[in-house]
């Protein structure tokens, strides 16, 4: 009889292959759980750290309307962080532990947020390019095998595509504006183009975990596939805006019906991953400082809740 | 015999009456020493605190030339503070104690610095009006009876009159500039006129120490005399600039060959003296904070000097 | 009705400056949930500011836009009370500043909602729902901090000690407001002052905090005489419009 | 010679930004004597910046003034290295930032003084005397803080840990500088780097501090890619000129 029965692991894989969602109470392999916690918490941390480069321009937004849109966007990111931390918690991770891992440097967040935002055009670039790349990475995750993650991603993606449109709108307004505004847009694109291409991760040949993740359906396309898709999507948009993509090797390839493009500066990529980007220290310090300076607030809230509970117990 | 000899106190007063300078090693009445320490340290504190309202505009000065002049001016004030603390030290006061009295609120500083600087025109008004009033108060002190104080004041007054000219120049440039600049100058005058009149202190009838101080020649004109002198000097300058002095009761009095002018808001005066001015808390907090945050620096300097001394002793 | 212009502008400036201060917290809050809450409140105030600026522009009738009014006026032209321009300090300072202003704001909006000016009433109608949430939020935090730990109590008391002197200006009518009160266009501040005091007393009692007494009240903001903080705030807020005036963004 | 323009502008921006940071201390220093010293050093850098801007304006020959160049260029147009735009932090951070820059500055000026461009040589001739005082002042403070108390040592070590990564950019030639080095107009940075390293080693030894090793060096400022601090600094620095362009002050 035993040989006919599937192992737990085989049953699990069979459900995944049948596109059945895994839920928190279901059995799952340890590696699947760990990989998911790492991926979801990294994603949550990215939302949290991602508030900083855009938060940097809220007080300086050039019109009240743009200020309002930007503030709402950063608020959405805080919200995404919350959904995602909750999704990770369903796998048994605690928020305190996840934050401790962020602060110690053990957990990562998206490297793109280690680049500084230096002009208003960067608010356009972050929305248009960075959120654009994020969407390509994330849309497939709406169909990912783990239920809570997939459901969180549905919500996140809906808002992200809204943000992406707003980013494009900023770029469009700049490009239709004064020569200074147009130059600002081009200068922004020059700085953000290559870092955005790096968001899809290392080349497939150097991405050893891809196969397992695709098997578990927590990843659905390879890094290089997504990068190609992104370039093919963005180049016509840049042309529409009248901007020049800063890649001399960019060329339409009729045969593959896609663009050929230059090689990413992988040395820069790995440097930023290793903590040597322009803002790695600042971003982490900002988060650690907020957390440390907020410790007394969290303690006060706990202490008060405790006092209240005791009073209610006495009153009952 | 005894009746023919002058007491120490009488000898002291005789020297003062003969305009002979009192020097640190000379005998002096306790009350004289105390009054002088109070007056000189108050003056030193005023230079120190006076750095703040002008320091407030260094980073925002509208041209590099003005920035340079303003920075040099604030630097001069630090220098004046140093001379004056040294002069007070010749009377046996320690800088630490004087600063402690400033920080505890026991010692005062000129109330004028409890008004905020809100526009660039305020850099003009502070130079033109505030330094102008200070000079009227201080020039007589160059002939004051206490030698180190008198000599410090000679140096201070020379620089102050330079500052005053620079302040007038700022006002003149604004008044000859665009309508916005002219309006800025007028708005500044509106805010600074009355507080400057308060710089001469309460009405003579409410200034009980004046007589003794004049007797000791550490004060040479009464508050009301100086106030009148100031108004008579400033009104023509305001007219020259094309500005309106914000006093409906201002009128030339042919008989006294001086201006009649409205009454100062003495309630406001006493309020600011009592610590209720717009910036009293901020100014004191800024000084206390600088002192507290600098404690480790002063300790390090001392510790290092000590180590060095010990090493030199060993080497010798 | 044109007399309303300076009052509406004052309301607009006040909401904008407070929104600005709150938005400075963005990404730096003590707990992610509170980061979200502060961004949310900042958004409410920003939205309210825009409604007031748009109405003010209409009342003025000189073709200025909401952005012209917000971005192209200097510190001495700004009309917000001193309270809202005070720096964030620690979370306790932010909470106390917010709490004092919420107490005023909520009761003011209740009055404006049923006031004679239809457009102000409409803005107040919408905003008072948000303000009800704000006052609840800041009251709860005052209670948590006052009746929390020793440290939180020390911090919230210090914040009250520093900010209380700016509370009186809110309900002390400026000359402009007095004239409009006489015309029935601005509500009676004495009544609002009582409502504020009652709410504050209730919250402070629950927070085991003492209501300060005999504090000398600062004023001037509503007449353009500000603290030195506002200039820096505006330099940042207005930098882009000052640098590139008259463009679309 | 017109090729010199971007290099002279870079020198001007660098001196101005460092003067700005130092001037932020005004009235807030740890000891009155050091308040005076920092204001003095700020004045020197400001004066040097003005000389460079005036010369740059002349080299450019488009009628721009020193104020146009300082006040009407955006963050991405500024060419200062990242080190000088870093915030003041505590006194240790200010001292370490100053010390690293002084080591470069002093040795650079020694070279420029005997360089082929007469006007740069004249500016350097004047400035190097000031720079000799600066490097003495900051070196002495590094020694005091390093070999002072435990706290001062901890702080100065932390400052070195945070700022070291900006030291390499000073002597790493940008494309502009490389071209000018080839033309003999900009000194050889390798030599300056050695002189800096020797001075730093000597001072750190006396200060009982370790020279950091293997630190990844940040760059970008000389190509207009700055840290986020510069934008805020410029918003403050430029506010008046942006608000009222083209006026006399």
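Chains here go by letter, A, B, C and D, matching the order in which they are written, and residues are numbered from 1 within each.
Following the convention adopted for this analysis, a contact is a pair of C-beta atoms (placed from the backbone, for glycine too) under 8 Å apart; a residue touches a chain by one contact, two chains touch by 3 or more.
The UniProt protein names, listed by chain, are A, B = Ring-1,2-phenylacetyl-CoA epoxidase subunit PaaA.
Only a predicted model underlies this, so the values are computations on that prediction, with no experimental measurement involved.
> Counting one step per pair of touching chains, how far is chain B from chain A at the shortest?
2
> Can you give me the shortest step count from chain A to chain D, moving only between touching chains?
1
> Can you check which chain pair, A-C or B-C, has more C-beta pairs in contact?
Result of the comparison of A-C and B-C: A-C.
> Averaging over Cα atoms per chain, report the distance between chain B and chain D in Å.
Going by mean C-alpha positions, chain B sits 35 Å from chain D.
> Just the number, please: Cα centre separation of chain C and chain D in whole Å.
41
> Return the residues of chain B touching two or more other chains; collapse runs of consecutive numbers into ranges.
Residue numbers touching two or more other chains: 60.
> Out of chain D, which residues touch more than one other chain, so two or more?
74, 235-236, 239
> Looking at which chains touch which, would you call it a line, ring, star, complete or other?
Basically it's none of the tidy shapes, so other.
> So which chains end up touching which?
A-C, A-D, B-C, B-D, C-D
> Hey, which residues of chain B end up touching chain D in the complex?
Touch residues, chain B against chain D: 48, 51-52, 55, 58-68, 71-72, 74-75, 78-79, 81-82, 85, 120, 170, 173-174, 176-178, 180-181, 286, 289-291, 293-301, 303-304, 307.
> In their complex, what parts of chain C are in touch with chain B?
For this pair, the touching residues of chain C are 74-76, 162, 165, 216, 218, 220, 225-228, 230-231, 235.
> Where on chain A is chain D touching in the complex?
53, 56, 60, 116-119, 187, 191, 271, 274, 276, 278-279, 281-282
> Contact residues on chain C for chain D in the complex?
The touching residues are 74, 232, 234-236, 238-239, 242-243.
> Name, in rising order, each residue of chain D that touches chain B in their complex.
Counting only chain D, the residues touching chain B are 16, 20, 23-24, 26-36, 39-40, 42-43, 46-47, 49-50, 53, 66-67, 70-71, 90-91, 143-145, 147-149, 151-152, 155, 236-237, 239-241, 244, 247-249.
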